[in-house]
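Shared chain: chain A. Partners: chain B in the first complex, chain C in the second.
Let's look at the complex of A and B:
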């Protein structure tokens, strides 16, 4: 029963691109309309399949960025320099085009509206995407779970959902690893023990922590959380390597 | 055939080896786990096998390292679609461990430090198909990739090759493990593309 509730049937469906947003110079949000979409949980992902004229196909997984909303699903895709699918999704796929999609997939890295405990979200780069779905789902559910977001980006022009994150400025700490904005009280640097102390819920609040980003980032941050006293069982991670994994 | 995406050609890489359906080749070694990486001191590490009748067999790190070892070079296939070919491991065959164990059970649940579990039929663990490995590419297996030791069952998707392994429990009934309870396929044969529980 648990399985059915989490997944429904994972079958290929045809989605239509009904809108898009350029998040950064290399990342694009696609708004997809999917007939008979079974709904999803914040944090889940979809498989997207592209087919060439000679029948060659390539499939990759992308995190869902949107809260559940009828038959629409949004994904935000970051173009990988040596990517096979992402350049097409970011550069070539046009509004009005159909594309094949399967999902939702994944039942662990999810936030459910029934969760009322504090939530600590920690994103590195495009790892913000499934965490954005959680922020949005939380708002949709009435915003009762106390939430904090720590979002590490290379530079100000690499921030996704910039305008929308303004709404959660009190809950959000942005940290820049390479270039900080001109007016910023923060130095450029990586997430470290001090920042985890300052910007995250203390372990005594027993938050559920969701950490998503590149492998090195997730390894470092989950070690910092564990060292700060957070129960490893309450830390959920989603990682992607240089060429593997999701996104 | 699916919907053709105008102008999509893909990035086909020339390869002599046929990959399982839907997989692509990678040369690096991505890391995917559900939580923080557990760090297990070797003097606290132990490996246990629990039989269907409740019998428990234990190996300390020292016991484990004293067992006959094998070198294996195998291809890995991750459900997130990367495949890595010709990976070199060293460790102890499950057959070697089972020489000391009396069991006729059909199913095994793999247990890991950190709480992860995965299930598979016992017949997929025997006859030179599975190992507990503690060396990768000539070096001690690092924690991020499952060290001190992980299970290696290369003919199934890689989530079955549980990292940070601490034991096996045998049973007459099949009990879904961690990912198997969260929508992933109960068996996970990459050549049959058994990624998700019903698709």
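Let's look at the complex of A and C:
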């Protein structure tokens, strides 16, 4: 697995949708079966390509949500209102359909089972997806690395993997930016310096920090972590864009 | 959240197209910027994906490091903004 990055040319192959889960009203997990899937590391992504009848193609990157498991891989797709690719993946693609996929790719924003240092995961919205792969891979590896998750989300009904996240209830802090649940000890608001202080590993524990979300969120959180004394070299980021490369 | 600046992604976002060309994961490679001399992982560069292709810029000086354009049957890669690449070499595999 450590050699995933050196498997040679990665190119397009046809996957088959073998299952799906509605995560929210606008997000769906697709379980894809890929023949000869080489395995992946938590945090890696795949590119998905759609081709229209006239030959027009659109490619987007989606983070892998699942821990390595045979020849199956899961992605969770959030529908963007004006998206070219995501509405099709969330609304139209059916179980049994083929879809073109390239991956796994990316060796930077990854967590490896050999990492035993504390891990700080910070997600904004659908940025939870690759961090969920890390939580799952960590459990698969025996759960030895101390972990904390700070998950910033618009409202309770926008939370992905709600049931499964209960497993890590003690390690997880949810913060709502627009609407909080009726019974909540927390005020509605954005991630700030106080929350970083309360909910994250202190810099003295030297955690590796993984921050994933929209560009503005990632910028703000990276600055907060650096201001709290975290070594910038231990902060890994993955930004989600509105078009082009991601979603 | 979004302001006047163009939204950019991390170099990670270019991993897919680059994996078509390179046998190693180029996003974990270290690149030297030909303009300002900054040395950083490609994953830490800025990717602008709104153009017809992807434009990867130096996080220090914003100079273009590389551009990649994919079409259904071919792709183009231009890298003249990169002075050098440093890639990890792994020890020999056990038999």
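Going forward, the second predicted complex is superposed on the first by the 237 of 247 C-alpha atoms of A that agree within 3 Å, B and C clash if a C-alpha of one lies under 4 Å from a C-alpha of the other, contacts with A are read in each partner's own complex, and residues count from 1 in each chain.
To be clear about the criterion, a residue touches a chain if its C-beta (ideal position, glycine included) is under 8 Å from a C-beta of that chain, and two chains touch if they have at least 3 such contacts.
Small disclaimer: the values here were computed from a predicted structure and weren't measured.
Superposition model on chain A: chain B and chain C are shown in a clashing arrangement. In the overlay built on the shared chain, the residue A:235 is in contact with chain B alone; chain C does not reach it. When the two complexes are overlaid on their common chain A, residue A:153 makes contact with neither chain B nor chain C. Of the two partner chains placed by superposition, chain B and chain C are both touched by A:105. Once chain A of one complex is fitted onto chain A of the other, the partner contacts of A:14 are limited to chain B, with no touch recorded for chain C. Taking chain A as the reference, the larger set of touched residues comes from B, when chain B and chain C are compared. When the two structures are aligned on the shared chain, A:123 is found in touch with neither chain B nor chain C.
In the superposed pair of complexes, A:217 makes contact with chain C only, with no contact to chain B.
Using the contact criterion defined above for the overlaid structures, shared-chain residue A:59 touches chain B and also reaches chain C. Applying the stated touch rule to the two superposed structures, the overlap between the chain B and chain C interfaces on chain A comprises residues 3, 6, 9-11, 51, 55, 57, 59, 61, 102, 105-109, 215, 237, 239-246. Taken in their complex, chain C has these residues touching chain A: 1-3, 7-16, 18-21, 23-25, 27-28, 41, 43-44, 47-51, 54, 70, 72, 90, 93. Residues of chain A touching chain B in their complex: 2-3, 6-7, 9-12, 14, 49-53, 55-61, 82-84, 88, 92-93, 97-100, 102, 105-109, 215, 219, 222-223, 225-226, 232-233, 235-237, 239-246.
Residues 1-12, 22, 24, 26-38, 78, 80-82, 114-115, 144, 178-179, 181-183, 196-199 of chain B are the ones that touch chain A when the two sit in their complex.
Here chain A touches chain C in the complex through residues 3, 5-6, 8-11, 45-47, 51, 55, 57, 59, 61, 102-103, 105-109, 214-217, 237-246, going by the rule given at the top.
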